[in-house]
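First comes the structure, then the notes that go with it.
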Amino acid sequence: MVIGMITVFTVLFLVYLTGNLLIRFVNRISSGNSENNLPDHHISGDKIAVITAAVEGITNGKASITTIQKQ
Amino acid sequence: MMDLLEKLYQMTAIQQLFESPETLLMILIAFFLLYLGIKKQYEPLLLVPISFGMLLANFPGGQMGVVKVDETLTLYQIASQYGIMNFVYYSLIKTGFLPPIIFLGVGALTDFGPMLRNLRLAFFGAAAQIGIFTVLISAVAFGFTLKEASALGIIGGADGPTAIYTTIKLAPHLLGPIAIAAYSYMALVPVIIPFVVRLTTTKKELLINMKEQDKLFPSTSPIKDLQTLKIIFPIAVGTVVSILVPSSVPLLGMLLFGNLVKEIGVSTGRLSKAASDTILNAATIFLGLAVGATMTSKAFLNVETIMIIVGGFIAFAISIAGGIFAVKGYNLFSKKKINPLIGATGLSAVPMASRVANDIALKHDSNNHLLQYAMASNISGVIGSAVAAGVLISFLG
Amino acid sequence: MMDLLEKLYQMTAIQQLFESPETLLMILIAFFLLYLGIKKQYEPLLLVPISFGMLLANFPGGQMGVVKVDETLTLYQIASQYGIMNFVYYSLIKTGFLPPIIFLGVGALTDFGPMLRNLRLAFFGAAAQIGIFTVLISAVAFGFTLKEASALGIIGGADGPTAIYTTIKLAPHLLGPIAIAAYSYMALVPVIIPFVVRLTTTKKELLINMKEQDKLFPSTSPIKDLQTLKIIFPIAVGTVVSILVPSSVPLLGMLLFGNLVKEIGVSTGRLSKAASDTILNAATIFLGLAVGATMTSKAFLNVETIMIIVGGFIAFAISIAGGIFAVKGYNLFSKKKINPLIGATGLSAVPMASRVANDIALKHDSNNHLLQYAMASNISGVIGSAVAAGVLISFLG
Amino acid sequence: MVIGMITVFTVLFLVYLTGNLLIRFVNRISSGNSENNLPDHHISGDKIAVITAAVEGITNGKASITTIQKQ
Amino acid sequence: MMDLLEKLYQMTAIQQLFESPETLLMILIAFFLLYLGIKKQYEPLLLVPISFGMLLANFPGGQMGVVKVDETLTLYQIASQYGIMNFVYYSLIKTGFLPPIIFLGVGALTDFGPMLRNLRLAFFGAAAQIGIFTVLISAVAFGFTLKEASALGIIGGADGPTAIYTTIKLAPHLLGPIAIAAYSYMALVPVIIPFVVRLTTTKKELLINMKEQDKLFPSTSPIKDLQTLKIIFPIAVGTVVSILVPSSVPLLGMLLFGNLVKEIGVSTGRLSKAASDTILNAATIFLGLAVGATMTSKAFLNVETIMIIVGGFIAFAISIAGGIFAVKGYNLFSKKKINPLIGATGLSAVPMASRVANDIALKHDSNNHLLQYAMASNISGVIGSAVAAGVLISFLG
Amino acid sequence: MVIGMITVFTVLFLVYLTGNLLIRFVNRISSGNSENNLPDHHISGDKIAVITAAVEGITNGKASITTIQKQ
C-alpha cells in the first residue's frame, strides 16, 4: 500500500515537474510566434470563441461544438 | 409426435427457469440496471450494453454467456464451440485489448489545458487514490486473495477502463461485479461526492474562491504558447511514465497517444476522429456486451459480489475523503488556499466529478466558478489511478 | 533465361485458364452479378462485394479464394499459409460472427412503430415462413441432407444475414450459392411478389382499404406514449425470445439491442451510430468479399447450386403465398378485413417488400396507402425467419 | 416442419401478447407526461440551421460543424 | 521495507536505461521522428503513430515492443503472454492483413480519371520502378539475402503499404527500418524530386507544355462517358492483373474494389465511406503503432538499418531518374513531346509527387499546368510498384 | 531484375490496352446518353438542401438526414 501511494505521488510529482519545465521551455523557444512557424491548421481562437458562443447562446448551452473542421 | 414436443420443450429455456430460479433473479437485476441506465441516465453508454449483455447471457442454448474454456483452443475453435460472445470475450476482453483502446479514444477527447494551467492541483489526483490501497488491505482481511483485493480496490480509482484492465490482469473471474460497481458508482458521483463533502468540510472551506486566490498569489510562469505545450506534454509524460511504471503504459500510453493526435490538429485529424469516434464507440459496444455476458447467475450471485458492491463504495468514499484531507493539509502550510472540492475531484470520474464540485461551490457562493480548477485534479486523477493499476499489476501480475 | 520465362509463365494464371476453362465461366458469372448489382441495382451493397470477391477468388496464387483448412490451425497460421481472405473467412464468417453484427446494425435502423400500431398483423410474419419448411422437406426428397435442406429452405425466410448464419452453422460448404440466391431473390422481390399476388388474389381483395377498415373497427387500445413503448419493447421481446428459442438469440438479441440503443435516443446515440454506420458498413464489406471468395469453380459449378437456385425461388414463392392465404383465412372469420398484400409482405425483405405491396395497392386504388400496415407484417417476418433459423439450428446443429 | 411452424407462431403470438400488455402498461404508467420525465434529447432543426449558418459565415465556409452534442 | 523499495526500483525501467544506453538513443530517434511528423509535417498520419509506437516499445515491462514468439501460439496466448501490442502485430500486421485494407481505403480515395485521359503516360509508371530492381541487385552484392534485398529495393516503389506488405512476406525482421525509410522518403519527395530533376533535365525540356502538345496532336479517341468508363475500368484491370500477377491481387484487388465502390456512387456509398474513412483511419492507427513497436534498439540499431536508409534513398533517386530517362527516350522517337517531369512522377508517392512536379513546371513557365498529366503516371506508378511487389513475392515468397 | 521490369511493363501495357479498348467500347455502347440509362446517382446540392430543410422543419429537428439514397 505504502509503495503504491509513494509511486503514485512520485509519478504525479514528476508530471508536475515535467509540466513546469515544459512551460518554461516552450515559453523560451516560442515567444508567441510559434503560430507562424507551424503550418496554420487552426481556426483562430477568437473565431472559435465566437462560434462556440453563438452555439451556446442559441441553444442555451444545451449544445456545444465538439469539432470544427476546415474544408 | 409426443417426443417431438418433448424435444421442442427441451429447446426452450423454460425447464431451466424452473430448475434454477436464480436465473429469474439475474433477469430482474438486468432489468433494474437497464432502468438505471435508460431512465436514470446512469452512464448509459456502458450500463445499457452491460445489462443487455447480462440479460442475454442468462439463458443457455443461446451461448451468449461467457464460460471458462480450455485456453489452448484457437479463437476459431472457441467461436465454433462456445458461440460469438465467448469469441468476443476471449479475443477482445480477456486479452486486455479493449480497455487500452478505450483509453485511446478517451485521450482524444481529453484536454490537458486546465491541468497545465494549475499543475499544483495535480497532486490531489494522487491523494485521491488512497481508497484503492485502503480497501485493498481491508479486502485481504476479509479473505480475498491479494489479486482479488487489488481488483476490488481499484474501483476506488473511479475509472472504468482502468478497473476493467486491472481486473482482467489480476482476477478475471470478478470482472462482472467489479465493472458494474465501478460504472454504477461513477454514475452515482452526483450523490456520493456531496455526501462525503458534507461529512468532511465546513461551509467556510467551501467558500474559498480559487479565482480570487489566483489574483492574490498570481502564478509565476504564465503559459505563452499553450498549443505547442499541449503537443509536447503528452510526449513528455509518456516518456516519464514509461520509465517509472512501464506496466501502466498499455493504458496511459494509449491515452497520451490519443491526446497527441488530437492536439496536433488537422494534420492528424483523421486519426483523432477515428480514435474518439469510430474506434471508441465500437469498442464500447463490444466491451459492454461482453462484460455483461460474464454475469451469469453462477458467477454473480455470491457473497463476493455483495462484498465488492460494499467495498467499492467504501473505496470511492475514502478516495474522495483522501483528496479533501490532502487539501486541508495543504491549506495548513500554504498562504494560497485551495477549495477542498478540488481535492474531492482528484477521484477522477471525468468530467462529472468536476461538474458536481462546481455546482456545490456555486450553491455556497454564486460567483465561485471552480470548474477549470476541478478539471485539473480531475484529469490527474485518471493518471493517478492508471499508475496505481500499473503498480498493482507489476507487483502481483 | 528460357526457364526464367518458364517461371514467369508459371507465375501467371494463364496455364490454369487453359487447364480449367470453368474458371472462365466463373469470371463471366462474376461479371454478370456485377452487372446486376451495378446497372440493375440489385442489392448493390452486397451483390457488388460478393461478385468482386468471387472474381478475385477464381485465380490461384493470389490466395483470395476460400479453401478448406485444418481447423486446428491458429488464425495466424491460416493467414500466413492461406492468405488474408481465408483469414477473414475463418475469423469473421465461419465463426458466425458477422451475421449477428449485421443484425446489430439492422436493428439500429429498424422502427418497430408500425408493428406496434398493428400488432395483429405480426401473425402474417409467421405464416410467411411456411416456404422454409416446405422446401426443407422437398429438398430432403431430392437427396439433400437434413442440414443442407434446412440451409436451402431458409432462403424462403428472405433475410440475408439469417440465411448466411444458418448456412454457416448447418452447411458451410453451401454458403456461396445460398447467399447469392438469398440476396438475388431479395433483389427480385419487385418481380416475384407481383407474380405470386397475380396468381393468388382477386382484384376485389386487393381493393381492401386498411385505413377504412381501421375507421370501421377502431383499435381498442390506442398508444399514448410511443417513445417509452419503443424502448421497453425490444427488452421485453428479447426476454421472451431468449426463453423460447435461445438458439435464435445471437441474431435476434443483437437486432433488439441495436434497436434499443437507437430508441433510447441521444444518451446512447454514439452506440446507435456505431452500430448502424461504422460497424454495419465495415461488416458488409468483409461479409460480401468473403462470401464471394467461397465461390470457386469447384465449390460453385455443380448440380447442387442449380437446385439451390431453383429451390430458393420456390421457397420464396411459397412463403409469399403462405402469407396471402393466411390473410384469406383470417378474412373468412373476421369482420375487419385485411388486404392480402399484408400477407405477402410477411416474407420480410424489409423494406422493399412493403414498398412493392404499397405500389400494387395504389395501382388498384390510388387512395389505398397501406405502407405502414405492410411494414408491420414485414418487420415481424424478420423475427419469424430468425426464429425458424433458431429452431433448425437447435434441432440439427 | 410442423414443429418449426408451431414455434414460429407461438413466438410471434407471444410477441403480439407482449406488445399488447406493454401498450396497456405504458399507457397506465405514463399518461402522456413521460416526455417531461425524460431529459429532452433533441436540438430543434432551426437552431441547427442557425448554428451552421453562424459557423460557415464566420469562417467563410472554411469550417463546418460535424457534430453537435448536448451537455 | 528495503527490499520493497528494491522491488519498486525493479519495477521501473531505470535499471535498464543504465545497462543499455542504446535505449536512450532509440528514445531520441523517436523524438526526432515525432519532430519531423509534427513540426515538419512529414507524412504525419503515419510518422506520428510509428514514432510514438517506437517510443513506447523501448521500455520493457510495458510489453509494448514486438518480440519474436513461438508461432504455434494462439492469438489469445500471444496477448496474454506478450501484451496487446504483440496481439495487434501478430493478428493484423504479420498476417499481412492491414496493408491490403489500407489499399482498400486508398482505392476509395483514388480517381483514375486523369490516367484514363492520358493512358500513354501510364508507361512511365512502369519505368519508374527501375530503382526497385537496381537496388535489389546491389543490395545482394552488399551481402543482403535475396529476400532482404527485395524488401529493401521495394522502397524505390515509393508506396508505403506495398513496401510494408512485401517486407512482411519476405523479410519481416526488417519491417521497422524499411517502413521508416519508405515513409520518410515519401515525405521528402519535395526535396528529392527537384534534386534528381536538376541533375537529369535541361530547362528546355522542363518548358515542354503538355496542353499545347495535346492541341498540336489531339487524342484519337475522346472519352464520351467517363462515369461508365470509371466503373468498368477497375473491374477490367482487376481481371487482367489477377491473370498475370495473381500474387499482387491482395494489394491491387483491394485497391480496385475500393475504387469500384467509390465510382458506382450513392448505391454503394456506405461501403465507399467505410473503406475510405472508418476502416482506413483505424487501420492507419494500428499499422503505425505496431510498425513503430517493431523498432526496439535490438532490431533497429545495426548496420543493416543504415544500409537500408542509404539504399532506400538510392532506390528512390534511380526510380525518379528512370522515369525521366524513359520520357527522354520517348521524345527521341515521338513528335508529340512529353515533359520529363511526367516521368519523375511515375515514382508514385501520390499525390505529392504530382504537386511537386507541377510546381517545378510552373516555376519555369507560369502557364505550364501539368498536374493532371502528372497524376496519370503518378497513379500508374502505384500499380507498377504493386506489380513489382507481386513478382518478387511469387518468385521469392 | 529483367523479369521484374518485363512483367511491370507487360502489365502496364495491358492496362493501357484495356483502357483504350474500354474507351472505344464504352463510347460505342453509351453514345453520351448513358446518363439516362444509368440511374443518376447524384442528387443536386440544392435538392439536398431542400430535403434537409423540409425534414428538420417537419420534425422540429428531432430527425436529421444522414444519407440520401436513390431507389
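Order as written gives the chain letters A, B, C, D, E and F; numbering starts at 1 within each chain.
In this text, a residue touches a chain if its C-beta (ideal position, glycine included) is under 8 Å from a C-beta of that chain, and two chains touch if they have at least 3 such contacts.
A quick note: this is a predicted structure, and the numbers were derived from the prediction, not measured.
J.: Among the remaining chains, which ones contact both chain A and chain D?
T.: B
J.: Note the shortest touch-path length, in steps, from chain D to chain E.
T.: Minimum number of steps from chain D to chain E: 2.
J.: Would you mind reporting the rotation angle for the C-alpha fit of chain B onto chain E, rounded to the nearest 5 degrees?
T.: C-alpha superposition angle, chain B on chain E: 120 degrees.
J.: More C-beta contacts across C-D or across C-F?
T.: Taking the two pairs in turn, the one with more contacts turns out to be C-D.
J.: Roughly how far is chain C from chain E, centre to centre by C-alpha average, rounded to an integer in Å?
T.: Roughly 40 Å, centre to centre.
J.: Using CA atom averages as chain centres, what separation in Å is found between chain A and chain C?
T.: Chain centres of chain A and chain C, defined by C-alpha means, are spaced 49 Å apart.
J.: Residue numbers in chain D touching 2 or more other chains?
T.: Correct list: 3, 7, 38-39, 42-43, 47, 69-70.
J.: Among the residues of chain C, pick out those that touch two or more other chains and give their numbers.
T.: As it turns out, chain C has residues touching two or more other chains at 7, 11, 41, 74-75, 244-245, 267, 277-278, 391, 395.
J.: Under the definition above, what is the set of chain D residues touching chain B in their complex?
T.: Counting only chain D, the residues touching chain B are 2-3, 6-7, 37-39.
J.: Chain F touches which residues of chain C in the complex?
T.: Those residues of chain C that touch chain F are 4-5, 7-8, 11, 39, 41, 277, 355.
J.: In the complex of these two chains, what residues of chain E are touching chain B?
T.: Spelled out, the residues of chain E in touch with chain B are 7, 11-14, 17, 27, 31, 34, 38, 41, 44-45, 48-49, 52, 55-56, 58-64, 74-77, 79-80, 83-85, 87-88, 277-278, 280-282, 284-285, 289.
J.: Using the touch rule from the top, collect the residues of chain B that touch chain E in their complex.
T.: 71-75, 78, 90-91, 94-97, 100, 104, 231, 235, 238-239, 242-250, 253, 257, 260-261, 264, 267-268, 270-271, 273-275, 278-279, 391, 394-395
J.: In the complex, go through chain C and note every residue touching chain D.
T.: Those residues of chain C that touch chain D are 115-116, 119-120, 122-123, 125-126, 129-130, 132-134, 136-137, 221, 223-225, 227-229, 232-233, 236-237, 240-241, 244-245, 265-267, 269, 380, 383-384, 387-388, 391-392, 395.
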